[in-house]
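Below are two complexes that have chain A in common, paired first with chain B and then with chain C.
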Partner chain A sequence: MMTILTETAAADATSSVLAARKAHNAKLSANADKKRAVWFPIAFLAALLVLPALQFTGNYNYVLHLVLFTACYVTMASGWNILGGFTGYISLGHNVFFAIGGYFAGMIFARYGISTIILAPFAGLLCAFVGYLIGSVTLKTRGPSFIISSLALVMIARILFDHWQFVGGANGVALKSNDLSVEWAKLPYYYAFVILAAFSVWASYKIKHSKLGLGLRAISKDEIKAESAGIDTRTYKVLAFAVSGAFVGMAGAIWGEYLTYIRPNIFLIILVSVNMVLMCILGGKGTIAGPVIGAILIIAFNELFVATLGASELNILATGVLMVVVLLFFPLGIVGTLARHHRLPRILNWD
Partner chain B sequence: MEQIVQTLILGIALGGVFALMGSGLSLVFGVMRIVNLAHPSLIIAGAYVTYWGFKLWGIDPLVMLPIAAIILAAIGVILYKLVFEKEAKSAKYSEMTVLLTFATAMIVEGALGGMFTNTQRVTSPDYATDAIFFGNVFIPTGQLYAGLASLVIIGALALFLKHSRFGNAIRATTQNRDAAELLGVNVNFVGIMSFAIGIGLAGAAGSLVSFVFSFFPAKHWEWIAVLMSLVVLGGMGSILGTVLASFMLSIVAAFVGAYFGSTWSSMTFFLALFLILLVRPQGLFGEKPELA
Partner chain C sequence: MLKVNGLCKYFGGIKAVDGCTFNVDRGSITALIGPNGAGKTTAFNCISRTAAPTKGEVWLDGERIDHLRPHKITQRGLSRTFQISRNLADMTVLENVICQSKIGGWRDLMKPAMSTQEIDKAMGILDFLGITRIAYEDGSNLSYGQKKLMDLAALLMSDPKIILLDEPAGGVNPTLLEEIVGHIRKLNDQGMTVLIVEHNMDLIMRLSHRIVVMAQGKVIAEGEPAEIREDPLVLDAYLGGVLEDAA
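This part shows the complex of A and B:
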């Protein structure tokens, strides 16, 4: 967008202004580069990509599962962050997209045997389209009303999926597992999720620093001022909703095949959407590294909790307590709080 | 014809229970501007109090009602002091409190699930399974008693709000918090007390729920959207609106259930919530569409 503008305006007298602004922006980003360590996320990703080599030395399926699970939630939380973090519209209903992606890819996989990893981008497109439709309706509301409408969305989706016989109703559909041997069976999903997570983090960085992202952040500060400054807030919000739904949908697509089952109470339980929200709030809403840190911490917390105490009711209780503590004492999240006190380590400064 | 009358009666009876379930929510929103997503989970807590009173000592659920209300009101005060007081000055107050109440709902659900497991329960006094017949039309006595009790409580609440000094202070705070404070109303105290009354009403509603529906800790997720639809249709903060809305929607839901199957009757509430938020966000009696 900006390049087109600069090209067409080159002959204009304003070109010198634009050139000056471009130079200024370059200086800003050069300054920002000094405050962060770009090598760290790349090295982290590289380490994750070679991690499956562990399988040569023994059975580390549990480790792979944990990384894969975390990557799945990194994707979803980063997607949620585009709407909830950048734009400031808190949705408790984003697992609807998880379900739509999962059912779309899962049903095609069950009927025609096309791998869901190939189908994931299409699931993303479908979710973006559905998100556009839903968003253009629900985003007319704001604040608490929007949150309530998002909850109603989950309830409606749950009833529809529970009673839709074509997709197996409440019992769902069993998918066949792949033919790989036990130690390599997780590998395709592992790479798919790690790459998807990396893509979603990269994409949310790009979105945050695009014109769209700037508009979204303006909306989260003050929507009325943003509108009067000439931002097409409605289109921007709906776009944010669609894009964030697309990421969640892509994660859902592969998740179904990985579990070899698609069923409403895998996708449409409230804990899935709470986890997305909690990860972003714990890590830091509206930051790039926040959802990643949040996902790692929450998954680790859940695993420890289930491993030591076992009961899922206590897990719900603990998740609730954690959420209250974070909201009351660290509303900016880990990254946000550290950044405010100028103590954010360079390796976590991904913005 | 008989079927229509029958459906109408069942809808009205259900509406009476929903009216009490929603009015506490409406009161808390009106005074505190808190959209209390934890309200349904506290109703279930009230239902458990009643259930154990009935199960252990054989106390009638209707006798347990004031006890459940008082216990839950006390829990409400503790909850307010622990969770919501700190947020009162926050800029993003409304969104923060929604998330906080959401987390509170999870805490209540987890605690109830951990203590009492997830099995379905229902208190069974004699009248819960009985019915009064008029020709071919019947009224289930459980729902009749529950609806009457609910109307009595709501009537008492209305009289209290209208004619007592403290009730007037509550209504003044609902209408305009700053002006009420200027006129010498202790708005913080009014806030805490109306929060306690609201949660107490949840406890009372829980007693009725315990013999009208079967319940388990995770059931409150279904009710959140149902109660929200009542409160939003009635106009957030208007108790009269909530009562009218609950009768309207319950009757519609009863007819939908009778003609299209019971799964779709709860869909009525969710779709209504969706439509109202879009078409008329201030509801029937709401004044300011500030939430929209």
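This part shows the complex of A and C:
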């Protein structure tokens, strides 16, 4: 009798504990959803889409240029983030895809007059293919060796493009500018870049939450464990490389026509790829909002220091110092560190 | 079910595993024991292809698997844990576990990872192991024993036919040890084949149906716990002191 009583009591206790646990877990997962403010990125995008209306009231070409430039870097940094942030493979050679995209679309534009905005997706496909090939070789190394291999990639590409006469060698090729009047000339590129940036952010969100993304994150933490967990690490890594290259390539395609010039020292300077990396690190590697915040901050500070300190080396120094200071207080990047301390404002929680 | 035939792994001049041959029967708990440096973990690594064997064959259900890549082996139904728990920091326990779930193919890749289906399955496993309370905990915040349990949970997520446990009881307290033993036994009752490396003799003697003893990269004895206890070769190489003390 006694034992039966205690048993039923114990069973009751277990089931109530189980129920409590279930409720607790449900609350935790609901909490994660509630913390997200989906309206903010959408409202932000909408604001950017109506921004060119400013042109009716005066000449705001500089503002449009800055937004466009930032959007270009958001696309590239988000793309880089897929490989560097999610997968943990730091590449300093992603400007190669910028060049491949730019040259591919630029040359077709120069010869056949097809707008690079239409060509951008194809440039992306080409870059994905090239990324797949390069990745299958270089991703066999990891850590410092991989970084060096990516630097070597830039040098090889630079030498190749400097001496390839078909694409104008070191002089490059001048592209025709469009026929729109001055205040509207930037508009097609503006919209192309803003939409591309939005697409890259959306895509990196999708990837992060997919099985692929989970696998990539596992690879970045412990590749041997990921492998024994049944993840095809080689394929995953190469896919990440291809996808991230595709985004950078799409940005490069449009960038060439926007500048009306394709030339190796526009695309294949190390500053471009370093910028991508710095933006991700400043904003928070492996987060969705990180590259966006990083791109906005770095470009804003660059402009600020150029305006106040002049276009000397001093402005670069100031950006560098600022970067160091920020990273002292936000070692995981701004978004990453805030999220770690549960201090991330809801509007920036895009993960 | 699992057949290891003449497995060798050389590191330069060191023969870590040197012609290791043994079988694991379906539905059994087989233990791999031996003194430190006997090559148990290396043998494990070669079977799961975490390291490439120098030569030798590994057969799983009549299929040769020693040339396959590690993820393929896991997909064939052979999963392992690591001696020093390898967990994925910055990911929750749930993500750690779901990470190990099977992936059908290309079309599966872009499906959401944390679907209700997966979460339910993972939660079921965590519940079986009694650790649902840490499901949303960061993997790096766990205690050593909890990490071992999480490893076990992740292992089960891949629906294995045979599991290789590398020192599941290493560094855990006696209460948790009993718990882990209970889980292994329960899994075995459900038909799971288990190959286990362990230093805790008491656990091995109680748990395993069959014991394979390795020393210096070779299998020196094989048999039931009672036989192994009596085997002079084993006593000489390894068990002697321990058992005499116990008696």
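Definition applied: the second predicted complex is superposed on the first by the 302 of 351 C-alpha atoms of A that agree within 3 Å, B and C clash if a C-alpha of one lies under 4 Å from a C-alpha of the other, contacts with A are read in each partner's own complex, and residues count from 1 in each chain.
Everything that follows uses one rule, which is that a contact is a pair of C-beta atoms (placed from the backbone, for glycine too) under 8 Å apart; a residue touches a chain by one contact, two chains touch by 3 or more.
Predicted, not measured: the structure shown is a model, and the values here were computed from it.
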Contacts of A:K206 with chain B and chain C, given as first, second, both or neither: second
Touching partner for A:T319 - first (chain B), second (chain C), both, neither: first
Residue contacts with chain A in the superposition, chain B compared against chain C: B
First, second, both or neither for A:P345, with chain B first and chain C second: neither
Contacts of A:G215 with chain B and chain C, given as first, second, both or neither: second
First (chain B), second (chain C), both or neither touched by A:T141: first
List of chain A residues in touch with chain C within their complex: 18, 21, 24-25, 28-29, 206-207, 209-215, 217-218, 221-222, 224-234, 239
Chain C - residues contacting chain A, complex: 48, 50, 69-71, 74-75, 79-80, 82, 86-91, 95, 98-100, 102-103, 108-114, 119, 123, 127, 132-133, 135-136, 154, 158
Touching residues (chain side chain B, partner chain A) in the complex: 35, 37, 83, 86-87, 90, 92, 94-96, 98-100, 102-107, 109-111, 113-114, 117-118, 217, 221-222, 224-225, 228-229, 232, 263-264, 266-267, 270-271, 273-274, 277-278, 281, 291-292
Interfacial residue positions of chain A with respect to chain B in the complex: 90, 92, 137-138, 140-145, 147-149, 151-153, 155-156, 159, 162-163, 270, 274, 277, 281, 311-321, 323-324, 327-328, 331
